[in-house]
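First the structure, in the form of structure tokens, and then the observations on it.
We call the chains A, B, C, D, E and F, going by the order they appear; numbering starts again at 1 in every chain.
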Amino acid sequence: MPPRPPIEYRDASPRVRAVFDDIKRTRQVADVNNFWKYLAHDPAALERTWTGLKEIMAPGALDALTKEMIYVAVSVTNGCGYCIASHSAAARKAGMSEAMFGELMAVVGMANETNRLANGYRVPIDPAFE
Amino acid sequence: MPPRPPIEYRDASPRVRAVFDDIKRTRQVADVNNFWKYLAHDPAALERTWTGLKEIMAPGALDALTKEMIYVAVSVTNGCGYCIASHSAAARKAGMSEAMFGELMAVVGMANETNRLANGYRVPIDPAFE
Amino acid sequence: MPPRPPIEYRDASPRVRAVFDDIKRTRQVADVNNFWKYLAHDPAALERTWTGLKEIMAPGALDALTKEMIYVAVSVTNGCGYCIASHSAAARKAGMSEAMFGELMAVVGMANETNRLANGYRVPIDPAFE
Amino acid sequence: MPPRPPIEYRDASPRVRAVFDDIKRTRQVADVNNFWKYLAHDPAALERTWTGLKEIMAPGALDALTKEMIYVAVSVTNGCGYCIASHSAAARKAGMSEAMFGELMAVVGMANETNRLANGYRVPIDPAFE
Amino acid sequence: MPPRPPIEYRDASPRVRAVFDDIKRTRQVADVNNFWKYLAHDPAALERTWTGLKEIMAPGALDALTKEMIYVAVSVTNGCGYCIASHSAAARKAGMSEAMFGELMAVVGMANETNRLANGYRVPIDPAFE
Amino acid sequence: MPPRPPIEYRDASPRVRAVFDDIKRTRQVADVNNFWKYLAHDPAALERTWTGLKEIMAPGALDALTKEMIYVAVSVTNGCGYCIASHSAAARKAGMSEAMFGELMAVVGMANETNRLANGYRVPIDPAFE
């Protein structure tokens, strides 16, 4: 029993189309990514996730590029193949150079290493951080 | 059998003291964090980790604040209590405002959510990202 | 060096065949899934895992469908592609509708998000929960 | 540098109070949990998270108890101490008996075990699940 | 609502006592760890987990010390505080020296780092490993 | 936007070639694995990771085989497909028999299971381990 196929614009309900239209307008793209076409099987989830994502990823105290790199850092840590591919592309589109990508990966790698060293050595939190 | 106690500067070998001295000089602090005092039980690991961290966290294509926020994003995703406490403090010291912290958390939360939605819906990678 | 190939029924030892037979009888299926054919390289692990799984997944205080959905929730959180595919199929076979699947994914996504918000904001446990 | 203290109702802005009031009304509780008091430092995140959670956790194709148990399954898998404590309490309040809790834990444990066995044996997805 | 208290030997049912007795005899200890006293709320889970653990951790192709160090490696990677504490103690009891512990931690840290680098750089599996 | 292609020896800079040469000499192999060819896009990361890995994986208080099995245990727990494939091969090359692999997987599976049981039952650390 395979997963259900993606929902294309031509087959979408008006409620789903409204979200797809907003994604395309906001991102200035001709079509939405597979993620949205699969999530469209649950229109309430599609609306809620897009609304939240749009609000969260808009430039604010942090710029769009920094936010995309944080997204990549989480996705790499979780090992989500789809998310690594799509958000690495989004970060590059937002201006991430290859040098920036290399440094991002280096920080992610080091953080994953020292997270485990702190666990294993059972390091208590310093009073200054409590 | 408790974990071994931290190694304080006064009890440290010359090899360990050299690392502690470099940390204090680089970070302009009076004493090193607990992390280094516990890792000092393995002087080779202490040297290697500090040398790597110093190289990786130095400003380059990414600035120091962005790197600290990426470190926090990974530590929060992994649920490492020590690392969340110490790197949130480091990020604030590097200039992270409370508004930036709020946006950082929002991106980390959303990325963790959509990572799982992509897994669960078994979304194939778009040809454009391959 | 590829992983060893799966062990098919015709090539299996009597000990492995006994487990395969019990799986087929219990689940009313013509053949066992790949998982069991690979695990069969370690007959003790095969026996132990099947015996445990059969005991745990049998209806009790929780019905079979609820148990399969919990299995999917864990597998999605861990990002185990094989387990997501096989247990989503098992949950559908046990009666999970597409509406139920959508709600399951929404809860899994939200739980993964708020788990990280609780970590990042370093929220102490309320006295009422201690 | 400790985390900022929780925001109590008496010190909250009207925007935060409106969310707190809705949580108290919806859950029929005298005060909100620590999670909301810490998240209140980011009123937009507070609103968005509560609105999403209220929508997702409302009974639908799945009942409230099943949803709370799925929340516990994710939180236990991620090792989020706060979330385990608060959602175990919520599940018990929604009717989870101790026998149900025991079965929930058994399924979560088994799923985490077999997720890793599937990874380690590199089991390919069966054609029937593709 | 706190978790239920541990079940002590004097208050245990005959079924639970039989498991506790076997743990004490096998490990040559005066009392069982908290883990077993909490799991005793579900006697079937207690029996199944102890029987599995006893079988798996017995010396075979791998000796007891190697097995305990692997247990620590997993527990540190998952960030399970209880399991890190109890299995580090068990590994030391089985002969792990402080030098061995240091090397164990170093490998665990490096593996966690390179796991993420492989994810982030999207490294395809070499034909030789397929 | 696909990931950048791997860097082959013939196209590598002298700095990258020096690392590739050392890997080939140390491991007595004709070519380096894909991991190194992708990491070569960041020569500083390539040097630092190889130097660290070479130091950490060299026989010391733990032998090479034990270290490779620990590496597999972490990679299986994290679900890193590339790392599972490459380090399972490395462990076999270092002498891991199929019986040892089976026991390794069994310990990894059991540890992942009991890690979650300890989380879910909220087991406090025994005084003896503190």
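One rule holds for everything that comes next: a contact is a pair of C-beta atoms (placed from the backbone, for glycine too) under 8 Å apart; a residue touches a chain by one contact, two chains touch by 3 or more.
Please read these numbers as outputs of a predicted model, since none were measured by experiment.
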Notebook entry, point to check: Any idea whether B-D or A-D has more C-beta pairs in contact?
Noted result: B-D
Next item on the list: Sort the other chains by how far their Cα centres are from that of chain A and give me the top one.
Entry: E
Check: In whole angstrom, what separates the CA-based centres of chain E and chain F?
Finding: 21
Check: Roughly how many whole angstrom separate the Cα centroids of chain A and chain F?
Finding: 27
Next item on the list: Hunt down the residues of chain A that sit against at least two other chains at once, touch-wise.
Entry: 1, 3, 41, 44-45, 49, 52, 77-81, 85, 88-89, 102, 104-106, 108-110, 112-117, 119, 121-122, 128-130
Notebook entry, point to check: What residues on chain C touch chain B, complex-wise?
Noted result: 72, 76-77, 79, 81, 84-85, 88, 104-105, 108-110, 112-117, 119-122
Margin query: Considering only the defined contacts, which chain C positions touch chain E in the complex?
Written below: 1-2, 44, 48, 52, 55, 128-130
Checklist line | Contact set on chain D toward chain B in their complex | finding: 1, 3-4, 41-42, 44-45, 49, 78-80
Note to self: Quick check: in the complex, which residue numbers of chain C touch chain D?
What the structure shows: 3, 33-35, 38-39, 41, 45, 49, 52-53, 56-57, 60-62, 66-67, 69-71, 73-75, 77-78, 80-83, 85-89, 97, 99-100, 102-104, 106-108, 110-119, 121-126, 128-130
Item checked: List of chain D residues in touch with chain E within their complex -> 79, 88-89, 92-93, 98, 102, 105-106, 109
